[in-house]
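Heads up, the next two complexes both have subunit A, just with different partners, subunit B and then subunit C.
And then the complex of A and B:
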């Protein structure tokens, strides 16, 4: 009994609360990145290795537009739209011709796009990280911390974007077309749904969501040509843990894994806390390969 | 051209189509016609290419050779979604309803297209709900939770949302209880009265002969026999020769 009481007294509740907030903020950004990735996989069976570079490209376009316009929100919107258009063009020129071919060809194609975009960014912007200035710099006190309001804004905006997208999928005509195509693309065609354009549209949405997360997260980290790598790796983990192609599962997995990493970093260094994601991934693959957040297959 | 279809003004004309799955030659020069508002049966044993014929007409498989025309216009190379918009409805043999979409959302996949006014959408929905009251009751239920018969009704109702000139019906009574088979038979009559042409693939020979005006019989990927349904009803020898019943 004494041991339990001693343990409970030793638990750093203030740190747990701080890390809960951190975990949710990071989880929402990750959910925004992973939503695009899982959506593209769910509808097109394409594992998009260039997703991290679309995130990076979004952040760089944000840097350029912010430098020109001086307005963060203009940078966010323009970057999202531009990368969505680039995504649509990439899908039409690179992935559409590969439909029906060996899935390995699409993996190689997206990997190639990722290398091209990364090296283009290195050539155009150089190796020195750029910074996106956050739209406001207010803080509030969370225990002993001055916690930036901007972090909460990121979580709120990410939730709003994902929520808006969910409403679009649920009630919009094109949302129904996307869901129908995800379930049975042959029958969707037979119902008059232009499936090739649905694929392009979804790839554009996924690219736009990656770009939006890049701009939103830009003020917290430096913008550089390799910034997409970490995020896309984590996004792949949550897509597998959440269930490939399962949008709700990916969102739940994003928050779950980010919270676990945040809690782990109370006791170990943040670099070591990343291991938690891989442990969850390995356990999921071993014991529930269809994903943690999908109904048990019957 | 056989004598039975010589005077038909074709809505769909399939001319000498050869279809392959990979290297496997499945259709060996199939030709058939379906007139406006006509119900035509397509009979044959399992694996003779009946479903592939429907898939080829629907643009889900493209033939290597041959021509398909809709009201005289070549449609052979058009993708399926364009054919659906041109007025070809397709009800596949395994129904393939969108299982996670509600009944209403399944119907909306065909209903929400450009050029259809809200009033027209309402009319179409009222019409199918009058034919299939159970779909109205279950409009907010996921398609995957419906019984087999209800799913078949939904598959037909969904095709009707496209206001098709012709519906390709692939084994609509397969696995259904007799009451449902009777209901499907009624629906074929209703569609026929409305002037919708039907190309009906069936294993149920009596139903096909009852519902159809003309019948094609396939064997080994080609049409081997073609006659008026009334003539086949009194010619057991042909039915026995090609279908073994």
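And then the complex of A and C:
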């Protein structure tokens, strides 16, 4: 009995609460990245290896626009639009010729894109991390910590973007086109939906979402050329754990994994906390390869 | 007909081998080293060709096998005095085989894209472990050690010069090529190719597809580990950079550029890639990000030349 009490007293409740908030904040950003990835996969069977680089590119464009305009919101919107356009251009030039080939060629092509983008960023911006100034610097007290409001705002904004996107998919005309193309490409084409352009459009949306999350996340840590890989790996894990091509599952998995990583980093260094999400992935693959957050397939 | 092809094939093999053997005697030091490096990277690419070209599974995790080969060799060279070449190879192979068994057991449950992602994530696990476990692996700085002597116990022992190192690497790579070629032509290799062509039918015929895939990944990992050992011996260090995912990516690039499913293609691809890197480095200076033009060439090759440089000879090379 005493041992249990001692254990309960040793649990750092305040830290756990702080890490819960942290985990939800990163989880919402991750959800924004991963939902673009899972959407692109769901509609055209393309695993976008360059997704992390689009995230990174978005953050850099945010840095540049912020430096010239001085307004965070202008940076956010301009960066999203620019990267969406870049994404559309990339899709038309490299992925469209690959339609109908082995899906594995698309993973190679997007890997090539990611190499080019990452090295371009290194070349153009140098190896030193850049910082994005947050739009406002209010704090509230969370136990002994001064917790920035901005972080909560990020979580809210990410949720708003994802929610808006979901509404668009559900009720918008083009959203219905997208869902139709996901369900049956050939039939959608037969009904007069311009399937190749739907693909381009979806890739652009995914790229834009990645860019938006890049700008939002920029103020939390520095922006550097190598940040893309961490995010694309996490997003891959989320997409597999949540069930490929399943939007709701990805969101649940993002928060789940970010929370686990946040709790793990109470006891080990953040670099090692990443291993927790790897372990979750392995366990998922072993026991439920279709994904944790999907109904059991019959 | 078939006999004439066989003669032509072995004649071509002999000519290339002879050229590579003579090369260090005529080339200056820099290009000699360069050629040795091409062979080592070629061996890594060749090992992943077993998966990409013959079994139809794209691995993005070969850096784990390569890196464990390196660190295995480092362990042998640092712990056992005097440093012993064969012990380094043995340790490296054991390290790579252990990792390969682990990776193979989990990742072969998945196919296509999922396999690629899982292998990538596994290699990142090993990267994080090696990067953060500073007491054992030296962390970010890696490990440096002395190069062992080229020795056969009881017969002779000479220190490596750049020529003998080249010949040693050439010997190992040639032997690996012949072994891998024999394996891909064996009944086992045929099963792997039938998995690539039609997995469901292979299973329906009664082959245990999972078991074949596990063995294929382990085989591939073993040879990748061998490449890691050679690289460690050539450069006298082991660093976490070589466990990083970029190395796996390069192995895939070598394969695609050279031509998958040919075994020699990946070596040619490695040569092509390294020459491009050198070429851009010489023209635009060392700081030039050569991966931008090389990446663009890679994408163009995927779209317009999916067979790679040696793809036209694929049928002939596998005869």
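The criterion applied here is as follows: the second predicted complex is superposed on the first by the 298 of 298 C-alpha atoms of A that agree within 3 Å, B and C clash if a C-alpha of one lies under 4 Å from a C-alpha of the other, contacts with A are read in each partner's own complex, and residues count from 1 in each chain.
Everything below uses one rule, namely that a contact is a pair of C-beta atoms (placed from the backbone, for glycine too) under 8 Å apart; a residue touches a chain by one contact, two chains touch by 3 or more.
Computed from a predicted structure; not experimentally measured.
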With the two structures laid over each other on chain A, which partner does A:240 touch: subunit B (first), subunit C (second), both, or neither?
second
Is A:286 in contact with subunit B, with subunit C, with both, or with neither (first, second, both, neither)?
second
Please indicate which partner A:274 is in contact with in the superposed arrangement: first for subunit B, second for subunit C, both, or neither.
second
If we overlay the two complexes on their shared chain A, which of subunit B and subunit C does A:186 touch? Say first, second, both or neither.
first
With both complexes superposed on chain A, which partner does A:176 reach: first (subunit B), second (subunit C), both or neither?
first
In the superposed model, which partner reaches more residues of subunit A, subunit B or subunit C?
C
Based on the superposed arrangement, let me know which partner A:97 touches: subunit B (first), subunit C (second), both, or neither?
second
Touched partner set for A:109, first subunit B, second subunit C, both or neither:
second
Residue ranges of subunit A in contact with subunit B within the complex:
173, 176-177, 179-180, 183-184, 186-196
In the complex, subunit A touches subunit C at residues 47, 94, 97-98, 101, 103-105, 107-109, 111-113, 115-116, 118-120, 122-123, 229, 233, 236-237, 240, 244, 269, 271-272, 274-275, 278, 281-282, 285-286, 289
So in the complex, which bits of subunit B are touching subunit A?
58-60, 79-81, 84-85, 90, 92, 96-101, 105, 108-110, 112-113, 158, 162
Can you check the complex and tell me which residues of subunit C touch subunit A?
58, 60, 106, 109-110, 112-114, 116-118, 120-122, 124-125, 128-129, 131-132, 245, 249, 252-253, 256, 288-289, 291-292, 294-296, 298-299, 302-303, 306
